Every structure is written in structure tokens, then in C-alpha cells.
Amino acid sequence: MSVNYVDAILAAQDTLLREDESVFLYGQDISRFGGAFKATKGLADAYPGRVLDSPISEDAMIGVAVGAALNGMRPIIEMQFADFSSIAFNQIVNQAATHFFRTGVEVPITVRLPSGGTPGSGPFHSQSMEAIYSHYPGLVVVAPATVSDAYHMLIQSVKLDDPVIYCEHKFLYRWLKASSINGDGLPLGAARITRPGKHATIVTYSAMVHEAVRAAEMMNEESGWDIEVVDLRTVKPLDMDTVLASVARTGRLLALGEAYPWGGVTAEVVARVAAEGFHLLDAPPRRLNSRDTPVPYYPDLWASHRPTPESIRVAMRELLSF
Amino acid sequence: MSVNYVDAILAAQDTLLREDESVFLYGQDISRFGGAFKATKGLADAYPGRVLDSPISEDAMIGVAVGAALNGMRPIIEMQFADFSSIAFNQIVNQAATHFFRTGVEVPITVRLPSGGTPGSGPFHSQSMEAIYSHYPGLVVVAPATVSDAYHMLIQSVKLDDPVIYCEHKFLYRWLKASSINGDGLPLGAARITRPGKHATIVTYSAMVHEAVRAAEMMNEESGWDIEVVDLRTVKPLDMDTVLASVARTGRLLALGEAYPWGGVTAEVVARVAAEGFHLLDAPPRRLNSRDTPVPYYPDLWASHRPTPESIRVAMRELLSF
Amino acid sequence: MPDTEALTPRSLDSVRVRSVFLAMLKARQLETKLASLYKAGKIVGGVYLGKGQEAVSGALGAALDPNRDVFAPLIRDQAGRTAFGEPLIDCTRTYLGSVRGPMRGRDGNIHRGRPRERIIAMISHLGAEVSVVAGHLIASRLRGELEGRVGATCVGDGATSTGAFHEGINLAAVERLPLVILVANNQFAYSTPNTRQFACDRLMDRARGYGVEGHEVDGTDFLAAVEVVGGAVDRARAGHGPQMVVANLLRLTGHGEHDDARYIPDELRTGPLGRDCVAVAREQIVAAGYAAAAELDQWQADIEEEVQQAIAEAQRDPKPDPWKERWQALSDERGLFGGRSEAAEPTEPAESAP
Amino acid sequence: MPDTEALTPRSLDSVRVRSVFLAMLKARQLETKLASLYKAGKIVGGVYLGKGQEAVSGALGAALDPNRDVFAPLIRDQAGRTAFGEPLIDCTRTYLGSVRGPMRGRDGNIHRGRPRERIIAMISHLGAEVSVVAGHLIASRLRGELEGRVGATCVGDGATSTGAFHEGINLAAVERLPLVILVANNQFAYSTPNTRQFACDRLMDRARGYGVEGHEVDGTDFLAAVEVVGGAVDRARAGHGPQMVVANLLRLTGHGEHDDARYIPDELRTGPLGRDCVAVAREQIVAAGYAAAAELDQWQADIEEEVQQAIAEAQRDPKPDPWKERWQALSDERGLFGGRSEAAEPTEPAESAP
């Protein structure tokens, strides 16, 4: 028996609904239908009245979540695709994110964003929006890369008293499998060293963790390079302790992400390492992101819009040859 | 006779309306009323039918602009405050920004965002959203810091065939005056060295240019430091040539901005200097942004939420003492 | 479902009538002082008054039950807030930036609330509170506590053009929530007249399109306002689903106190919508015998005192000190980092509402 | 303004009737092939069909004038696109990622258009095109060219819940634009039934709330669809402002071809809304003598050929090559940098529509 990434998300919601009466689910087609990706399959029957179909009203969906949170609940909102959260942008960054600072009253909502590209999903069903939400004070933004993290981090997100943007990667849904869900006790906000190494550090998150590990394995086989891969897990706030400790060991940094290149996680990581760990760097830090265009539809274009093990290796070779 | 920053914006729109029949203005209260900040004062009478009041419908306002642009016009949209562009976020980043890449057809719209804080303006009338829009491929994002730039860059923005997010700083509207509007022939996309110096570089934009210059002058008087101030003018795309040339001369970099600290312009500048000009740096690059909270209402809080000449000098002293 | 479900005519409850008028007087008095403080430069940012809208706003606040209902007032709801039980000093403290106010200087003017006491603290973005109140009610329903509860919010004519308003009211209708939406049609959104805001004959025509009950009232007619708004709250409470009340009136001041409102034509000001609902109320109350003129004069004097005190106290209050401020937008950073950060929230606790 | 402005009954123009049906047949045939290609793994991403909605969609496309009107089709508008003049090969090229198609592999399936020829290329976000068409019409008005022009767009029942839809139609009403909005109420938004989407008795009730003329039609009744939709376009063109047409019907397939639509109850499928408008049309056309059965059979055969060719050609077309692609989201980077970048757009020019 194996469990995949989307199963873990389903299981986490099952656990949360079972253990906490204040949890409920709200989103488009999530009730009897089980959601566009089946991440809520069976929950409507198991928890009658607690898994609600919403109209196509993303702005109001987040408003509902905030109102319910102010009235003692811990709603989980499923956006059908991360891209459609652009409609809810105002409610997320201005209503939910500012509320605690303004009033001292917490807004424990979790917004699930099916993120990232898959072949053929095109410009409006492929976006990675973590940079957008991370920019705003008052939000926690997480992006699990493993089956177990998908489970535990969703549970931790819902338990947190602050609004959490939970970025789940659609490419990992069924592609990523584990034999079971394990816990390693890491809290939200802590990064993980996915692959220890000594010659250089790749700092990344979400689906790109797997591309980084693949590139690292290839480089190890090809030429004996030993690359460390750090999985940020939480992109806001960043676990700079783990990142800096890794760069201290390796002296070399590649920040890797699937999102658009201007700003974002890779810029923040590189800027902070440059500022806080300048003396640790033996070479200029590098970044690798998607190309600076919308995400294209055609699978071949899509595949080379985002970083690949090949483009990661090119970047790493330049980093290592410095 | 002197001309202030908001007069320059008014004058630019006057020029554009006069010289180009395809220009029209659309926004809330901009017609007879002349806009919340009087940036369109008198234009409705001077150009009958070409300065239109919109309903309170930011999403539709940008939709209208895109549709009109596809039908041969060059609309200028006034958001009443940058903060309300959060409602138009989807139309800006998904409709306008992607259109040229998807179809090969240009969308020459200009969105004016009255940006930045003023005393008492609070969490929802003070935001600086340049980082949000810069993240998205397909947008040009500008942020003039001077009266003349406010004029010329608005004209250049409207002439550009791509969507431009024009961030105008509300604090500068009436505070910043010039004897007349001068041109220095700089195109969009080019940064300017506002204050030449040799010991360190402050890279900044918009209202912070003036705080940086003030800090630099103080440091010069106090202790003879000679600080170079680079005004980015356009934040996407960045003029890295000018930035790197300055850092090459000074060896030290502070990236300064009024926006929220996670990601954004300062992260992008530092990350790119670290990557592209690592060897030019004699000290770790630094960043100074607003605090990581919503912009507070009370003037004393507001004043210390954003960088000040004092906090800039503290950062610079640390930078110089490295 | 008829748009204009006739509200059962009834002789209005005297306690209700008096409480609405008391809130109106307090609001009018307080706001007059706020305007002076603004002109004297004592308040920065802006001052936004409900002058001319006190009757409907107060009628709504008084019809709600502060012990169980949820209320999201908007820009021009000083009267409604007061009637609902928000202490006057919440207003003055917020305008003056006191750390003892509910917003502790972090937010100002009308952007205040006491979410724990079910007064939502509005954000500026118009229309955004409709769905928040809906969510609050859904939470009550999920816990089986919705019976007998009502949620209410106010919007202006301009806010009806927002997508947020539309999504919120539609969703409330789908869920058949006990939500009362009071649309104060004061003919203008800032400077923009109704003719540039919507094209239907009457905003009330929207109700049928959402499948909610609609009511229309002359907002300058005090007794009608108390009756129609109160009736809508009663119907929501009784399980008839969302209620949309459109009140026609005029804002008797600028959009904010910086605005001379020259764009409002004289015909409107001197016409029936230009009547001052406070003056109308006084006449109606005295005429119908709800209170004697002398008693109302006494109220006025007492209020003067109360308002003066709310201002004086807020002025004396400590103001936020950037050096002592906890610059932290997350509540839970401690939990997130296993104790690395330890500041507690808030530094200076806000006093709670009585 | 009456909601159900009676359209002048008239005997339908034979050319129009025939052209609508021809487009319907082409759409049905093409989409049937697309579904097969999807099942065979030849199309990635998804396939979204208009099966069951061809009558109203085709009626709209045929009522528009491709030489001056602007059209923003949505998910289920293959028939409308075809009737408006979009060549079939635009569809197959977009689904198959040909660089010769209007989207050149950069966008897929239904996200296509020819903005220069006034076919708007929809984004996925529902409701977003309403204001775009409004803006297009405003531009024509500003140039004094609006007279006689119409803009049209389609939405589903689900899209009426979006703020974008609301803001767009309201704005169009304020501007009194010649905009036709066709609401195809196929009873479901993906799996979500009308009962979870809106609470009004009929979506048509929204029209009055926006101050626009409303029309309702049985979307399975071909001749009624041609008449009502055509009539709405005529009224818009004649200066009666925005027109909202609500067509009741059923989607006769899944949301996309990945979806078995089990959530649609059998009663609906076998009830009057489950009628296949293409079959109904054929019967009506033959019965009324617009064409003989044999002629229609010949059309069917000719279309088969045409569709096969559109697919074969798109399959043979070059596909995008990441190495040759101009990875550039700005058109004007040259202007911006005074010539530093020099790539021209596009690398391989799309063929233009006939």
C-alpha cells in the first residue's frame, strides 16, 4: 500500500475534521464531488454539513472564512486552482492578513492553493503564487514537498492561529508516493536538509526539491559532486538558520524555484544570505527560476519554462567552477 | 512659479490627451471632480467625453482598459489608491500582463497607482505594491521620484505598447516642488545617479530617494562620507548596468525601499548584485525596508514603520564600518 | 417571494424609538466635535461623518441584539455603532490614536471594531464585509447556534458596484442566512452620482435578482426608518433569509471633512432628501408623544457632557510609542518557531467594552 | 423597462437559420473528434465541449457581424465561434499546440482568440471578459464608431456568481453599451447545481436589477434560440442598451472530457432540458422547410471532410520548439532599452484568419 501526496492532503483534512469540531471545509465542488483533484473525496459523507460547496466567488469564499474564524472556527478553503486566488487577493492580503495586527484578534484560516504547472495546464492553471502572499505581513506561507509534509504541515497550518497559505503542488498529487505517512517532528517554519552534501547548497521548496535531488544525484554519479539540498518547507517566514548553516558548510548557494524570476523566494533567500552570510560564500550566489513569461500550454514549452534537472546542472556547474 | 509632483502628473495627462486622440482617462471621481488628489483637474472640461467616471469596480475598470486597448486606444486608469488595485489584481496580472505573450497583440494601458504612506493614511491607503506587479511577466513597473520624471515617465508609459504600472507617491504630490519640468532624456528602464558619491551606494526609488539623499547629506556633513544615491526610476525591468557600475565604484550597497520587507525590489536588487557583481562588493550588501506589519495609522507609528533618514544612517554606518 | 413584503404595521415600541433617537443624538453630537477637531488639526488622516444617515443607521444598530448578533458597520454608522453598544470612547480613541482604543493607533477613524464582541473592524475596501458577516453566521449555523441570531452590515450606493458586494449577498442568499444588508443610497459615492453608478430604476430591484427580500424606505423619515429597518431585522431573525433594505437619503456633509461636496446640486439639498433626519425625528417623537421636548433637551445636555468626556479622555490617553510597539503581524510566531520570539500581544491591553 | 420585452415575432430569415445550423453541425462534429483525440492521449490538458449548447451559441455567433462586432466566446462556444467566422483550424491548432495557430502553443484549448479580428482570447478566470467587451465598445464610442456595432460575450450559470460578471454588466448598463450577454444556464457549474449557485427564482430576474433588458429562452429549442438571441442582438444594435439572454439547457457531456458528470441526475438528462438541440434543430429545419433532409445529410458529409482536414493539418504543423521560442512577455522591450534587445515577435508568424 502506498499513499500519494493528494491522499495525504485528504487524510490530513479527515484527521482535522475528526479531531476538531471547529474545522470545516469550503470551496468549489468539494462536497459530494470531492473537489477537482479529489482532495476532499468522501469527506462530505463522513462529516455531514461540514464540507460545503461554494458559488464561484473566491473573494466571498475568503470573506466567509475570515468571518467564520472570528466566530471560533478554523476553516480550510480550497481554491480550485491557485491561479483563481487572484480573485480573493484583496480578502487574503487586506482582510485576513492585517486583522491580527489591527485588532489583536487572530484569524486562523488555511487557504489551500493547488499550485504549480503540469503538462498542458497553461497560463491560468499553473501558477506559483507563494511570492505574492509572502510579501504581505501577517501571512504564513508553506509549500510542502513530501507526502508526509503534505499531511503534517496541513495539520499544523490549521492549528496555527494565523492565516496560512498552503501551497500544494499539483504535479506531486499523484506522481509522488510514499509507503506511509511518517512524522519527523519538524514544526512549521523549519527547513529540512533533504540531501546532505558538502560542495554546494541548493535551497528550494515544493516540487523543485525533487528536481534538485535528481540533479544532485546525477552530478554525483557523473562527477562526484556532493550537493546539499535544503527544502525550505515554509517560505514565509524563512528558516535562515538552516540555510545559513548549510551555506557555511558548502560555501556555495543556488536558490531554485518554479515561480516567476522577478522577486520571490529565490530573491529573498539570496538577498538574505548575501546580507547575513556574506563571508560564508566562496562564490557568487546563483538563482534559477522559471522564465519571465506566463506559463505556456504546450508540454515541451512548459517543460523548459520551469527549471529542469538539466538546467539545474548547468547552473550548478557554473557555480562550482567559480 | 513652481510645479509640484501632482501638477506634473496632471500636465502629462493634459499633454497626452492633447497630442494623442487614442488616449482617454477612466477612474473613480476623475471627471468633473478632478480625482481624489486633483490629478485630473480640469481635464474633463478641456477634453469633453474623454475623462470618464467609473463605478466602484476596479476589476471592471482594468477590463475596460484592456478592451479599449485592444480596440486601438491608450487608456490611463486612475486607481483612487494603489491599495484598491488589489480588487483589479486578476485583470492586471492575468488579463493585461499575459495578453501579448499569449496572442502577440499588445495591450498599451497605463495604470496609475497613488502609492505609499502619508501621516494618518493607515493600512489601506498607504501601500506600495510595486513588488506585486513586478513579479508578473508582461508588466512594466515604474516609480518616479522627481517632478520631471513624474511628467516624462507618464508620457513614456502611455506611449509604451505594454501595460505599465505607474506608481506615483502620494507623499510627494504636494510636498515635492520644482521650478519647472525639465527633461534629461532618460528613457523608461534607465536608472539615474541622483547624488554621486564614492564610499557606498544606496539603490532606491520613489519617495525614498529623497530620504536617501537627506541621509547622505547628513552623513557628509557629520563625517565626510560621500554616498552615492541611485534612483531606479523603473523597478521592472531593473537597470542593472547602472546599479552594478555604481557598486563597482563604491564597493558597498544598501537597497532601500518603503515596501514590505519580504521579497520585493530590495530583495531583487541585492540578489542580482550578489549574483552579477559579487566581486564588486567590499562588504555584505544590506537592505532597509518598512517593518513587516501593515502600515499603521498613527503618524508616529507610520513614521517609524518606513525607513527614515535616521534608520538609513544607522544602516549606512554599519555598512561603512564593515 | 415578493420584493416588498409588507412589514406587519405595528405601533412602534417606545423603548426602541427612544433608543434609536438617543444614539442619533450622540452620533450627531460626537461627529460635530470630530469635525471641529479635524479642522483644528487635532485629527490627522480624515474624518468621515454619517450626518443625514443617523436614522437608518441607528435603527439598524438598535434592532440588533448586542449579546448575540454580529454587526459590520461601515463609513457612516456612528449612530448604528452607538445603538449597538460601541462606547463613544472607542471612536475618539481610534481617531486620536490612543493605545487604549480597540485599534491602539494601528488603524484609525472608522476602521475600528471589537471582533470578539461581534463588531467587525471594517477594511477600507468597499463591499468586503458582506461575506465576512455571512461567514460569521455560517459558523453559528455549524455549531447549531444560528437560531434567533442576525448579522447586519451597511453599504453605500457606490459599494453596490463592487464584486465583493455581489459575491457576498449572492452567497448569503444561497445559504439563506439571516443577514440584513442596509444600503444607504445617499445619491453619491464620493463625487459620483447614482447615474454613473448603476442603471436600474431603483436599487431595490436588485433584491429579486438575488432571491432575497427587499425593502425601501425614505431614510429621512425617522419613524419609517425605525419601522422598516426593524422589520427587516425581525424577518431575518424569523428565518426569512437575507433582507436588503434600501434607504434613500442624502449625506449632509462632504465625503470626508476635507470635501465641500460642491458637486451636490442645490435642488437635492433643499429637496425632500435633504431633510435632516435628526430634526425630523425630534418633531415626530414629540408629536407622537414618545418623549417630551424638554426631556429631549435634557438628553442633549447630558450627551454634550458624555461626548466632551470621551474626547478629553482620549486626548489624555497615552499614544503609541514606536519604540515600545510590538512590530509583529503574526500572533503565533512563538508557536511557529518553538519559542524563539517571545513578545506577547498586545503591549498595552485595550480596555474592553462594557 | 420590461424584463421580458417581447421580441417582434417574425418569420426567421432562412439564411440565418441555415448558417446557425451549419455552425452547430461543424461544432458537434469537431468536438466529437476532439473528444476522441483526448481519449487517445493526443491532446493534453483537457478538452471542453459545448455539446447541448450549440443552438444558443451558434445563434449568437451568426447574429453578430464579423466585420464590425466584437465577440468574447467562453468555454462552450465552438458553435458561436464557427458562426462568427473563426476557422476550424484555429481550434485544432490550439488544442494540438501548433505554432501556426493563433496561440502558437503558448495557450491551449478554448483559451484562444484573434483580438485583431475582434475575437477576444478568454482567460480562465470566469466573468473577466464582460468588462473587456465593454471596454472595446467604449473605445468605438470614443472614436464615434459605435453606431451599429454590437459586442457579445457568453457566461455560464456559475460565472454569474463572480464579482467580475457583476462589475462588468453593471458598468455596461451605466454606459448603456450595445452589449449582449448570453447566460447559458446548463444547470451546473462543474459539479455544482444551480441551488448552490444562486437563490433567485430565475437568473433572468437579475436583468431588472442591472437596468438591462432581459430575455429567457429554452436553449434546446433551436428556432426559439435563433429568434430570441438574434432579437437581443438586434435590440442592442438598435440602441436599446445591454441585453441579457438566459438560455436554459443542459450540458450533454462532462465539464471536461475527464469528467463523467455522474452528478447530473437522470431525471434531468431524460427531461426536456436533456433534449439534444442539434437533433431538435434538424427536425425543425426539415419540418419548416428551411432545408431538406437530404441536403442536411450532404452538409454532414462535407463537414466530416472539413473537420478531418483541420485535424490532419494541425497534426502535421510544426510544434513549438523551446530553443527557438522567444521567451519574452513584453512587446516593447526594444523601446524600453533603446535597442538593447532585438528579437522580433513572433518567431513563426501565425497565419491570419480568412
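Should a chain be cited, it is by its letter among A, B, C and D, assigned in written order, with residues numbered from 1 in that chain.
The rule we apply is simple: a residue touches a chain if its C-beta (ideal position, glycine included) is under 8 Å from a C-beta of that chain, and two chains touch if they have at least 3 such contacts.
No experiment lies behind these values; they were computed from the predicted model shown.
Touch-path distance (fewest steps) from subunit B to subunit D is 1. Most remote chain with respect to subunit C, judged by CA-atom centres, is D. With centres taken as mean Cα positions, subunit C sits 36 Å from subunit B. Measuring from the averaged C-alpha position of subunit A to that of subunit B gives a distance of 30 Å.
In this assembly, the C-alpha centroid of subunit A lies 39 Å from the C-alpha centroid of subunit C. Counting partners per residue, subunit A has 54-55, 57, 59, 83, 86-87, 90, 94, 97-98, 101-102, 123-124, 137-138, 291-294 as the residues that reach two or more other chains. Shared interface positions of subunit C, defined as residues touching 2 or more other chains, are 103, 106-107, 111, 123-125, 161-164, 167, 170-171, 174, 196-198, 328-329.
Chain contact topology: the protein chains form a complete graph, every chain touching every other one.
Against subunit A, the residues of subunit C that register as touching in their complex are 70, 102-104, 106-107, 111, 113-116, 120-121, 123-125, 128-140, 142-143, 163-164, 167-168, 170-171, 174, 328-333, 335-338, 345-346, 350. Within the complex, the subunit C residues that touch subunit D are 1, 161-167, 170-171, 173-174, 176, 195-201, 205-212, 241.
For subunit A in complex with subunit D, the touching residues are 28-29, 32-33, 36, 53-57, 59, 81, 83-84, 86-87, 119-125, 291-294, 296-301, 303-305. If you check the complex, the residues on subunit B that touch subunit A are 83, 86-87, 89-90, 93-94, 97-98, 101-102, 123-124, 131-132, 134-138, 236, 255, 259-260, 262-268, 270-271, 273-276, 278-279, 281, 283-287, 291-294. Residues 43-46, 97, 103, 105-109, 111, 123-126, 158-159, 161-164, 189-192, 196-198, 263, 319-322, 325, 327-329 of subunit C are the ones touching subunit B in the complex.
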